[in-house]
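Here chain A shows up in two complexes: once beside chain B, once beside chain C.
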Partner chain A sequence: MTASATAWISTDLWVWVAAIMTLAIFSFLYRDNPLYKFAEHLFVGVSVGYAIAVSWDRVFLPKIWTGLVLHRQWSMLPPVILGLLYISFFFPRYTWIARYPISFMMGFSAGVALPLTVVTDIFIQTRGTFYESNAAGDPLAPIISVAKFQEFAAHPGVLSALNALYGPLLLLGVVCVMLFFYFSHEQKGPLKVAGMVGMVYLMIGFGASFGYTVMARLSLLIGRIQFLLGEWLRVL
Partner chain B sequence: MKLKALLNIDRRIIYLIMLLSVIIPLVAKLDLPTKVTSEVESIFNAIEALQGTGKAVLISIDYDPSTAPELHPMSKAVMRHAMLRRIPVLGITLLPQGIGMGVDALGTTAREYGAKSLEDYVFLGFQTPPLSVMLGLGEDIRRVFPETYDKVPTDTIPLLERIKNYDDIGLTISISGTSIPMSWVATAGTRFNQPVAAGVTAVSAADLYPFLQTNQLVGMMGGVKGGAEYEELLDRLEARLGTAEQRFAAMTAEDAAMYKTDRYMARQIMNPQSIAHLTIIAFVLLGNVGYLLTERGRKRG
Partner chain C sequence: MTRTLFSQQPSGGFTAQPLLWSVILVLALATPLYAEAPAATDSSAAPPASAGSAASPASPPPAAPDTSARQPALRYSSVTPEAAAPPPMPLLPPPTGILSAEDAPNDAGKAILVTWRPQSAPDDLTGYRLRAEQLKPAAGKANEEKPATPYVFEHSWPANQEEYRIVIEKLVPGVAVNVSVQAVAGDRYSEPSPVQIAVPKGNWFHTGKIPVGLALAVFIGFLLIFVQKSRSGAKLFVRKIAGLEAVEDAVGRATEMGRSILYVPGLSSISDVATIASLSILAPVARKAATYATKLIVPNRDPIVFTVAREVVKTSFNQVGRPDLYDDNSVFFITDSQFGFAAAVDGIIVRERPATNFFLGMFWAESLVMAETGAATGAIQIAGTDAVNQIPFFIVSCDYTLMGEELYAASAYLGTEPILLGTLKAQDAVKLLILGVIILGVVTSLVGSTALFDILRPPQ
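Now for the complex of A and B:
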């Protein structure tokens, strides 16, 4: 084993830097302080600097320098000109020029993404409210099935009950949540009841999202504690 | 009076208790069982089904160090599985900061399984913009990535002569803390009928369940729990095959110890995670009970 592996604390300079930065960020839990501010600004600076360096190496050099300048690939010229127009942002009198590349990017993104998004997020999802589908996305059977209730009647149990109720609960949830957001009519009578059921579904959804968020934040905390105790202090 | 004090605990004491609920299980090396869910198992099965087909797994490593504790174990587990089964792996990233993650995950996994760069796996590196990359991969990988991360021209790589586009990719897995997996579903999935799976941070997991219900996603690993489940499935497979012990026996003691620890990355996090969740639940219950009792006392005057 190497000497650094057997030491009671890490002898790696970069592990120390990472540990000190981690502690600097954690110091905010006590109160805001200059050490926290320093670490925060350093993180933002390093992230931006790294992104610029990667973009230079992976985009500018191969596509513009090698492609356009050295190999004379003229097809690169229009996007380069459009890209350069963004620089007008720095000159208040000529900011309007930047609208051209922005409108081009918006047109391209909307044109490509809209049909895909409509199919992916609306058509297929709406179909999923009524039909079960196989791995290829083909509809198989209606989501509300008499056979599932017959199965439950033949073999009563928690699993068969959940299986039978899955479809109706899904359909009820989708319809009621949509009615909750229906504002063109006063929410009273059956509409109010449906809206309240929709609100219960929404609350359950928000609860699940919040639980997942807590889980995510804790994972990040544990990751840092693991680093401090393991790689830095060698306690683990 | 005592109850009121309970409701006004200094937040720093709560932080301290949370810290202890994380540190104690880590130091005590608590080992809780991992239950596998169907959404993770279906990704595992999809990769198993690729064995012998010649098709590759495309792993889009779209995260940075800030979400690495959640997502890095997933990447490594999926890569280990593919390399164990000798399934070609293509790694790409749509975020500049993902390069370091990809180099680390593919590099360490390849060393463990003796996989060779450019023969068994290729790290193509970063390319942008994401939408163009996702659509371009449906036509020709080498046009989208003229060279690899190591600056090797992709038209000289034999592996990429076999694997040209989505037709030769059996599964695309997007591992990300952003909304990028949804774009993969829309492009690779909807446009090219490519099976897509996702590994996401727990924050994003709830948003992706609708895509599981419609089979637009083959499966999903949600948060560190998803990674832990995949590690568990892989351990069971390796125990059945008896490959892990052979591999570790051929390594130096230091390497073997490192790789053995690496295989528990997510499960190690799940142990303190479970205890911390119980602590939070206790705090929530305590806070609500305290609030209700105080309100009742106030109404009684």
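Now for the complex of A and C:
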């Protein structure tokens, strides 16, 4: 075993840096303090510096320098020109020029996002509400089917009941939640009832998601404590 | 043997003849065993007449060298088994069947579709091996002197299907691809089948996206109808949304307390719908802040979103006639690191102590970090996102939370522009349409029809 592995505390400089930074961030739980400020500014500075290095290495050198300057790939020219127009921000009289790349990016992004949203948020969700499918998207069985109720009648039990009710409950939830987000009418009468049922569905879903995510966050906290007590202090 | 040859030299000295014989012998040993050795090599392997005891003067004249009798001795006695190559396996007959190769539909011209329908196969067949080859031309002016490089694609299929289909991608548009199939039986291969040629071509239209186009056309149709109605002065009703009702109060509270407003437009890029919705809400919030002369702080994680946010805020201040209040430094970029950004926003919250925090847009794991810090400072907080996993955290740590669709509706709700209002009404109309499609789908699925399910299949 190496000397550092047998020491009662880590002798690795970078472990010490990581441990001190971790404690500096954790100190925010008490109150804002100079140690946290230092860690915060260091974090932001390092991340910006890293991003600049990555942009230089992954974007500027291969695409602009090698692609456009050395290999004369003219297809790189329009994005380079659009990018350069952003520099007009530094000249108050010509700030308006930056609106061209902004408009282009907004239009392009909306154009890309619209069909994808229709497919992922509408088509796939809608078809999944009335038919089960396999990974390839081929139909397997209807979500609501008489056969499932017949199965429940033949073999009454919790599993067969849940299997039979899964489809109707799913349909009820989808319809009620969509009506909850219907803004064109005041929520009165049946619409109010549907909206309340939709809200119950939403809160059940959010509660499950909350618990699941909190567990994941706790595992992250445990990971940091294991690092501090194990890799740094060597008491674990 | 070599010693015998040397010892029989009349002079007993070292001459060229034994050396020549030994070289010939080494060459003979080195000859591939299963190949037919040249006659000279074979004859050299036989002992010379002067050296062999069988070549006595009384013996009949030596017959022509019998290679068939000598080769086995060479093959098995002079070479170690490890050095011997395995005997050649007999080839399988070429596979019979229908091989078709054609341009893959609905693509940019970089793929072909290969179909193989075998008709007869030997009993010990274990599979098929597909081979496609395209001569890719050298690309780029700097590579003009480089020759075209062959791109070879190989794929193996097990022998248990009636038909095989595969899409071969990463091809060069407009350049022919040669496709052939070999039968495989264990480690034996057949001769390739006759070559099929396909040329990948780009398509202007993706026919699989026609339903998507129709859906968008319907939505745009609704949008135009409702925008026209709104512009013509028709009163379009929108029900109250609690979180948005509180925006006016939240801005007013910051004004009364003489503190700032923090507006975080999410951490995603401009291509995210939630970001676009957030920037739409930023405009009326900035107008209110300018009207009440309240300081507005807008930190950004994405450089493009930052530039848009700055334009939105600047324009809003101009719209209410207070360009003098606009501060370039109030809208700024921090870092694109997720938790670096969260740490910086936390610092802003505890140091600037804004009276009102808006967290509207796309958020990930940092949502609770920022919202909890804001709650600890006593600020009134309005959050909104379409990230389902983050809504629960906003609900527990913020005063008002806009859930998903409410975020999209907010810009229309806060403003009075006909286009935004028409958009909101069109969204509602589409929601009713989708509800109708779902109910129709349930009914058709009960009778066993998958037609509607297939129409809504995502394009491949």
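Just so we're on the same page, the second predicted complex is superposed on the first by the 233 of 236 C-alpha atoms of A that agree within 3 Å, B and C clash if a C-alpha of one lies under 4 Å from a C-alpha of the other, contacts with A are read in each partner's own complex, and residues count from 1 in each chain.
The criterion applied here is as follows: a contact is a pair of C-beta atoms (placed from the backbone, for glycine too) under 8 Å apart; a residue touches a chain by one contact, two chains touch by 3 or more.
The shown structure was predicted, so the numbers you read here are calculated from the model rather than taken from an experiment.
Asks: Which partner chains sit in contact with A:119 here, chain B, chain C, both or neither? Use first/second/both/neither.
Replies: Both partners, chain B and chain C.
Asks: Of the two partner chains, chain B (first) and chain C (second), which one does A:98 touch, if any: first, second, both, or neither?
Replies: second
Asks: Please indicate which partner A:73 is in contact with in the superposed arrangement: first for chain B, second for chain C, both, or neither.
Replies: So A:73 only meets chain C here.
Asks: Applying the document's definition of touch, where does A:25 land relative to chain B and chain C: first, second, both, or neither?
Replies: The second partner, chain C, only.
Asks: Which of the two partners, first being chain B and second being chain C, lies in contact with A:154: first, second, both, or neither?
Replies: In the superposition, A:154 contacts neither chain B nor chain C.
Asks: Classify the contacts of A:221 with the two partner chains as first (chain B alone), second (chain C alone), both, or neither.
Replies: In the superposition, A:221 contacts chain B only.
Asks: Between chain B and chain C, which makes contact with more of the residues in chain A?
Replies: For chain A, the partner with the higher number of touched residues is C.
Asks: Have a look at where A:209 lands relative to chain B and chain C in the superposition and call it first, second, both or neither.
Replies: Both chain B and chain C are touched by A:209.
Asks: After lining up the shared chain so the two structures overlap, which partner does A:185 touch, if you call chain B first and chain C second: first, second, both or neither?
Replies: second
Asks: Tell me which partner A:127 touches in the superposition: chain B (first), chain C (second), both or neither.
Replies: Both partners, chain B and chain C.
Asks: What is the shared patch of chain A, the residues that chain B and chain C both contact?
Replies: 47, 50-51, 109, 112-113, 117, 119-120, 124, 127, 133, 137, 205, 209, 213
Asks: Could you please specify the touching residues of chain A with respect to chain C in the complex?
Replies: On the chain A side, the touching residues are 25, 28, 31-32, 36-37, 39-40, 43-44, 46-48, 50-51, 70-73, 86, 89, 98-99, 102, 105-106, 108-110, 112-115, 117-120, 122-124, 126-127, 129-131, 133, 137, 139, 142-146, 171, 174-175, 178-179, 181-187, 202, 205-207, 209-210, 213, 217.
Asks: Would you mind writing out the residues of chain A in touch with chain B in their complex?
Replies: Interface residues on chain A, with respect to chain B: 1-2, 5, 29-30, 47, 50-51, 54-55, 58-59, 62, 109, 112-113, 116-117, 119-121, 124-125, 127-128, 133-137, 170, 205, 208-209, 212-216, 218-226, 229, 235-236.
Asks: Which residues of chain C touch chain A in their complex?
Replies: Chain C reaches chain A through residues 140-142, 209, 211-212, 215-216, 236-239, 241, 269-273, 276, 304, 307-308, 310-311, 334-337, 339-341, 343-344, 346-347, 350-351, 365, 368, 388-389, 391-393, 395-396, 403-406, 409, 413, 424-425, 428, 431-432, 434-435, 437-439, 441-442, 444-446, 448, 450, 452-454, 456-459.
Asks: Could you pull out which chain B residues touch chain A in their complex?
Replies: 12, 15, 18-19, 22-23, 26-27, 29, 64, 66-70, 96-97, 99, 125-128, 131, 135, 146-147, 182, 185-187, 189-191, 193, 195, 201-203, 205-207, 210, 213-216, 218, 222-225, 253-254, 268-269, 272-273, 276-277, 280
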